[in-house]
Each structure stands twice: as C-alpha cells, then as structure tokens.
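Read through the structures below before going on.
After this come two complexes, each holding chain A, first together with chain B and then together with chain C.
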Partner chain A sequence: MTENWKITLRVYRQKENQTSHFDDFQMDVNPDEYVLDAVERAWAFHDRTICFRHACHHSTCGACGMRVNGVEKLTCITLIRDVTRNGATLKVEPLRNFPVVSDLAVDMGVFYRKMEAVGARAVLPVTEAEIEDPPSKWDAEDSQYIRLSDCIECGLCMSACPIMATTPEYLGPAPLAAAQDQGLRRKPELLSVVDCEDGVWRCHSAFECTAVCPSFVEPARRIMNLRVQVVDMRLRKLFGKA
Partner chain B sequence: MSKPHVIVIGAGFTGVATAHDLALRGCDVTVVERGDLCNGTSGRTHGLLHSGGRYAVKDKESAVECIDENMILRKIVPQVIEPNGGLFVALDESDLAYAEQFIESCEECHIPLEELKPDQALKLEPNINPKVLIAFLIPDGTFDPLRLALAFAGTAKHNGAKFHTFTEVGSLLTDGAGNVTGIKVSNRASGKSEEMRADVVVNATGAWAGHITAMAGLDAPVKPTPGIMVAYNQRFVQRALNRLNAPGDGDIVLPQRRMVVVGTTSFDAEDVDYIPTTDDQIKLMLERGSELIPGIRSAKPRGIFMAARPLVGGGSGRSMARTFKCYDHKETHNVDGLVTITGGKATTLRAMAEKTADVVCAKLNITTPCATKETPLLSYRQYYATTN
Partner chain C sequence: MDQTRNQPSAGKFWSWFIPVGRQVGGWAFALNRVTAIGLTFYLFLHLAVLSLLAKGPDGYNGFLALTENPIIKFGEWAVVAAVFLHGLNGIRIILTSFGVGVTRQKQLFYGFTVVAVLIILIFTIRMY
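Let's turn to the complex of A and B:
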C-alpha cells in the first residue's frame, strides 16, 4: 500500500528585476517519490511559471541540483522520505554561488567555462577511470573501452563550498578535481592553472564538496592529492626532471 | 540580402539537431523551449545508442536508420558516448527460436554481429544470467542524454543560433489566409510576452507536437507513448543488454555511470506533461531486469521515471514503427510556413534534422547541402559557455 503524506512544498521564487520570496504549495506526496517529482507536479498542476532545470531524472545529467531544506541535493534521486516528514515543509532553493536565471534555475556558464579551462574529461578509457571493482590487472585491449566521467557537473560542490561563497575567482572543487583526474605529469600545462592564488591552495579543507557530491567524485580528496602532485612537479623542476 | 529566419520550437534532440543543421546551411535560427534543454522526453531517454538490432526483425527501415546514424554519431560526438557494444542474450527456448531471424535480419540491415557461446558471453559480462544459452555482440552503445543535446545546441550557438529557454509558445501568428508567419511567446523568467516573425516555423516538440499543430487548427500526427525506466545503484554490465526476442517490456538493461537502467514499458497517454510512475510497472522492471542480471534483485533503485515517446503512424504501442516523419503542412493541409518533425529515436536525431532542414531549405530556395554527417560537434560545454 502506497503511503500518502501531506507536505508544504516551499519554493524559492525570483523573477527578473523583482525581489525574491517563497511560494507554498500544499501537496499530497508519496514519501518514496523524489523531490524533483514534487517540484515537477507543482509546475504541472499548480503554477506554470515555476522555472527549474531537469533532464535525465536518474543522476546522469546533473541538471536538477537544488538546495533542499538548506542542503545541496540532486533532486531526481533524493527521496522525499529522506529530507522531510509527514505534515512538514520541504523547502527548495537554487544553488548558491551561481547567478539565478529564475526561481530554481541557475546559470551554469561560469562553471562550465572553468570545467572547459581545465579540459575536464567527459569520457575516459575505463583503464584510467576510478571504477567500483577494478580488475587486479587490465588487459591491453581494455583501454578501448570508454566510460563517461563520474563528474556530472551538477555544481552541488560549487554551491556547498565555503570558499566559493567568498571568492568567485576560486577555481572551485569540481574543476580542481577534474585537473587531478587528468594528472599534472600527463598534462603539465595544467600546473599554472591550479598552482596559483585562486587554485589548489585556496581550498580550506572544509570537505563540504565531498559531503554533497552525488556522483562519487570526492572532490576534497582529489584536491588534497592535487597538492601532492603540484609539490611533485615543483620538486621535479628543481631537480631538472620536468 | 538578410538570411532567412527559421524558428525551431522545442529544444529536445530533434530541435537542437535541426538548429545545428540549419545554422550550418546559413539560416538565421531561433530556438524556443518552454523549459531548459531536454526537460521532456529527450532528457529522460535511457541512453541506448541503437545499432538497429532491436528493430531489425520487424522494422527494417528503423534498423537501417539506427546503424547508419550510430556510426555517424560515434564520429561527430564521441565526447558523450560509451561505444562499448551490446549483447543480445537468449535465456530460454523462445529466445533461441528468435535467433535465426535475428541473424538474417541484422545481415539484411548491414548490422555487424558476432555469435558468442555462453562462456564467451560470461567472460565479457560476468554479471549476466549464468543460464545464458547464446548471445550476440553488436555495435550498440550508450550516451549521456543531456550532453548529446548540449553538443548539438552548443555547436549551433557557436554558429549563430539563438536559444530562448523558459519561453513558451502561446499562439501562432498567421496571415489572412491562415499561413504561419511566426509565434507569440511568453518568457517564464521575465513574465514578458513578445511576437517573433519567421520565414518558417519548425514544430520539433515531439510528444507535444499536437499542441502546436492544434494552434494552427490541424490534427496531431503523433501519439504520445510513455514507458517507465528504473535506474539501480550498481553498474553490473559494461555493455548494453537486450533480451534476444521481439521487443517487449523491461528487456533492455543499460550501463549509465555507476548504475544500470532497466526499461521499459509502452502505453498510450493523452497529456504527458506529468506522467506518474506506477508500482506495478516498477515491479515489472525488477522482475524482467533481474532475468537478465540476477544481481539487480539485491540492488537499490536510484531513480525512477517515465518518458513519453512520440510515435507516428497507425497502430499502437510496440507495433508502431520507430521511424520518423516530417510534414510540410503546406502539402498536408495547405497551411504554409509550418513544418512538423516527430517520431524517431534519440539515435536518429541527426537524420531527423537533416530531413527537416531539407524540407525547410526547399521552401526557402536554399541549395546548400547538409553538412552534419562530416562536421564534428564542439564541446558540449559550449552551450553554457557561449553567450550570444
């Protein structure tokens, strides 16, 4: 038997040149539905002017990131049961540290330009991917198999990062993780991009990025490793090996 | 002389690919979309880059389209594709009986295939049902749905196309004779309405095509046919899996990042703005999916969703062809200025766009040939990174 909850969906609203406010929608939901289902129904049956981004509904596209009761979530895989309770409020707001296009929809432009600047890989040979259950040894022909990158560029890490909130110039967790993924020895041209004031040293190790990442990237661990790579590159240069 | 202006309604696969093709042929292109890119059917595709094997027996036209376009997409947009092949797997006598016509049909449709014995299949994919009787390796693949669309849209944008998202069409502008001369839109972000004039309006709204044709007083050429998909939280296979049999419910399992996606079902629906998922269909995906991969029973659902296919032609559900149709409404209803493209599959988006752009260009006396087969797409990030 499907459970039925009554919740108040509280939606952040902001239209061009207007001040922001929240709109409340009283909704009947199944707690085993996803937060995105509730937002989509609010649009379909209550208010057609709500703007939000969504595409794949299964955590592969990264479009539907929002703050849900104050925490960054990929709303298509976030069960209503896990973020509110029967009779309570479910508050959805746009990601922080992005310009708001309207309501819950943010502009990904600056973020995508940063990902492009570090040459973030969208696909990679499976032999170079961090996968769940890697074989003890890859066969030579395995490098022909391709994997989509774990990072879905949803921007949750950029929203949760306390340094991003103070310094928009900071490269940010996902771009730094993408640099780490490629490796500085393989891509030495990335050294100057990450070894700078707004690069890898700016991170304060809050690990908020890893806490909210829905896609197994663990940006904080990668940033720590990228620092090791930077030091390695500097030492190699010092000893004339670079 | 200024370039002819074409408005494309809809920024799903068909719309963005059509915008790309028309921009390459020298048109001034404006795309309007009521949400953000791919918020309808396209975003919610399971992401199977079809080799055509699935349609080879019953629908050869679709099968040939699929294998041809599969090979083209691998070349022009490798940035969004896992080109790792697919297995058609036989688990019972009925599947085995299908093998002969499957082999013959694939050969007829020039779909390459390699027969695998059970131990070979299990070596490639250790998590498939160990009761596998025979399997065929074919050039299926998988793709990232949103990024496939972004790559077309980003390249179109680079070539001058303009995108207006969160912009909903309220009505069509017409001349005294009922011919379409533009659209009236309202922008959900600003609340403002405006009129846009065009030499041709392309209706690329897929399952919603009937909403736009109705604005011109014309019949809907499309039948929305939703199906469910369930994503599970473990990547059990590296290749696309199909049950070796006539297409049915829950007989496809696809790897997608660290998941597998099981799909799908097929039923008729009228209004597809919001399609609720149902417990019985979720259960069916678990049952059917775990026949192919027993481990799915111990996995957890990670995402559950419905997507509405835009099917064209007669019949219903599975029996309907998966090919596409492009209608110049001047020819079908003597209404000039409006072209509708619908039907088809994600895999055939480029071919759908080529056909549509051919129809549009013929109306505008543009003779520039289609160049999308040979034109590699720019980085999908250009869509958000480019401002114009």
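Let's turn to the complex of A and C:
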C-alpha cells in the first residue's frame, strides 16, 4: 500500500514590484515523490500563478534548482522523505544571489555570461574528461569520442557560496570549475580571467559548492586544483618556461 | 521587498554568520570569520593597553589589577580559544588550498577542532 503523508508546502511568492510572502498549501503526498512533484501539484490543483522553472525531471537540464528548507537542492531528484516528515512543513524558496523574476524563478543571465567568459564546454573529448579508471594511455581513435560535461549549470553552487552573496563580481564556483576542466596549459588565455582579485583567489574555502552540487562536479576541489595550476603557470613564467 | 534583495551585495556579510542551511565547510567558514573579527578587535585593545606604558608604572599597574576581574579573565580565555580555533582551521585552509586533503576537508576540520578544544581545555584548567 502506498504511504501517504500530509504536508504543508510553503511557497515563496513574489511578483514584480510586490512585497514577498509565503503561501501555504496543504496536500497529501507520497514521501517517495520528489519535491518538484509537490510544487507542480500546488500549481496544478491550487494556484496556477505559481511561477517556477523545470524541464527534464531527471537532473539533466538543471532548471529546477531551489532552496528546500533553506538548503539548495535540485528538486526533481530530491525525495520529499529526505527533506521533511509527515505533518511537517516543506518550504521552497528561489536560489540566492540571483534576481527573482517571479516566485521561484530567478534570472540566471549573469551566471551564464560568466560560464561563457571561461569558455565552459557542454561536451568535451573523452580523453580530457575526469573518468573512473582511465586507461594508462589513450589510443588515437579515442579522441573521436565525446561526453557531456558533468556541470548541468543549475546554479546551486552559486547560490550556496557565501562569498557570492557579498561579491557580485566573483566568478563563482561553477565558472571556476569550468576553467579548471579545460586546464590552463591547454587554454593559457584563461590565466588572466581566473588569476585575479575576483577569480580563483576570492574563494574562501567554505566548500558549500561541493556540498550542494547534484552532479558531482566538486567545484571546491577543482578551484583548489586551479590554484595549483595558476601557481604552476606563474612559476613557469618566472623561469621563462611558459 | 524589491527585486534587488535576492542579489549579491557587500551589505549581506551578515549572512556569513547564519549557520542555518549551511554545512560543515560553511560552519568552519563562519567560525573563522567570527574568530578573525574577535582577534582583530583584541589586537586594537592590546595596542591600547600597551599605550598605557607611556603613562608610567602607575598607569600600567592599575590596568594589571583589572586582569583579576572575571570578565577580563574570560576575555583572555576567549582570545586564547580564538587563536587556536582560527589558527588550526587556517592550517586546514592552507592545506586544502594547495590540494592537500581537499576531499577530506570535513575530517580535517573535525580533527583540527578536536585538537583546538583539547588545548583550550588544558589552558582552561591551568587558568582557573
């Protein structure tokens, strides 16, 4: 028999030039449904004016990022059971650090421009990808294979990062991870983009980006690795080996 | 509320200190900010106290008598606690910043915090 929970879905509401508030929706849910299912149910059966972003429902598009009970989550893969309990409240809010367009939908334009600034790749050659147990030596024909980048550009890391909250100019975790992914030796022109005040040195090691990343990009680890790459490049310049 | 409230701004520094919704790395980040602010405040206080030396022995001795005050004593204890919490967490940040133990940053934080707490405990016993 299907388990049923009664929850209160508390949804952040804000339309243009209006003050924000929360709307509560009482609903019966299966705890093994996802948070996005609950939001869609509120929209379908309670209030058709709720605005939120979603598309694929399987953690590929990165559109449905929200804060669930205060923590950044990709709502299409977040089980209701994991974030609330029977009879309790489930609060959904828009991502932090992005302008609210309407209710739960935010304007991610600045983030996408930063990803473009570092030339983030949607697909990459398999020979350049971080994969488990890579062969000790790639064959020439392996270079024809490509794979999707791990980063789905959901923006959760940009929302969770405490430095992003105070420094709009900071490149942020996902763009820095995208720069690391390409490698400074392969793309030396990225050095000036990341080796600056609001680049790789602005990170203050809170590791919140890695904690919330739903796609195992591990932005914090990549930022630390990027620092090593920057130091390596600087030393090479210093000794004339660049 | 206007549309800009959800956007980044320098005035949002207070959000660094709100632990709700943060995880281990975020708590470590907040702890380092709080202890850094405390130690900076202490540095200025320390310089102000040292300036009493310019007033001769009487001025400085008068202040030294104050150090037996329980509030001042607690302040001294807090400085020592902040030094060890901030310093040891700083070592963790230096290590991870250059790729050492990055995937074990939580364990590093727990480990260094336990060491700091033990040192603070020993200091507390000796002080009181």
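In the analysis below, the second predicted complex is superposed on the first by the 236 of 242 C-alpha atoms of A that agree within 3 Å, B and C clash if a C-alpha of one lies under 4 Å from a C-alpha of the other, contacts with A are read in each partner's own complex, and residues count from 1 in each chain.
One rule holds for everything that comes next: contacts are C-beta pairs under 8 Å (C-beta built on N, C-alpha and C of every residue); 3 or more make two chains touch, one makes a residue touch a chain.
On a predicted model such as this, the values are computed, not experimentally measured, just so you know.
In the overlay built on the shared chain, the residue A:E16 is in contact with chain B and with chain C. Judged by the touch definition given at the top, the superposed model places A:I77 against chain B, while chain C stays out of reach. Contact with chain C, but none with chain B, is seen for A:V228 once the two complexes are overlaid on the shared chain. In the superposed model, A:C196 lies in contact with neither chain B nor chain C.
When the two complexes are overlaid on their common chain A, residue A:A88 makes contact with neither chain B nor chain C.
Once the two complexes are laid over each other on the shared chain, residue contacts for A:S205 go to chain C alone; chain B is not touched.
Partner contacting the larger number of chain A residues, of chain B and chain C: B. Common to the chain B-facing and chain C-facing surfaces of chain A are residues 16. Across the complex, chain A meets chain B through its residues 2, 15-16, 34, 40-41, 44-45, 48-63, 76-77, 101-103, 105, 107-109, 111-113, 115-116, 122-123, 126, 131-132, 145-148, 150, 152, 215-216. Residues 14, 16-17, 19-20, 67, 69-71, 94, 96-100, 106, 160, 162, 164-168, 204-208, 210-212, 218, 220-221, 224-225, 227-228, 231 of chain A are the ones touching chain C in the complex.
Listing the residues of chain B that touch chain A in their complex gives 35-39, 42-44, 47, 78-84, 144-147, 166, 168, 188-191, 229, 231, 234-235, 238, 256-259, 261, 273-274, 279, 302-305, 379-385, 387. Residue ranges of chain C in contact with chain A, taken from their complex: 1-13, 15-16, 20-26, 28-30, 93, 96-99, 102-103, 105-106.
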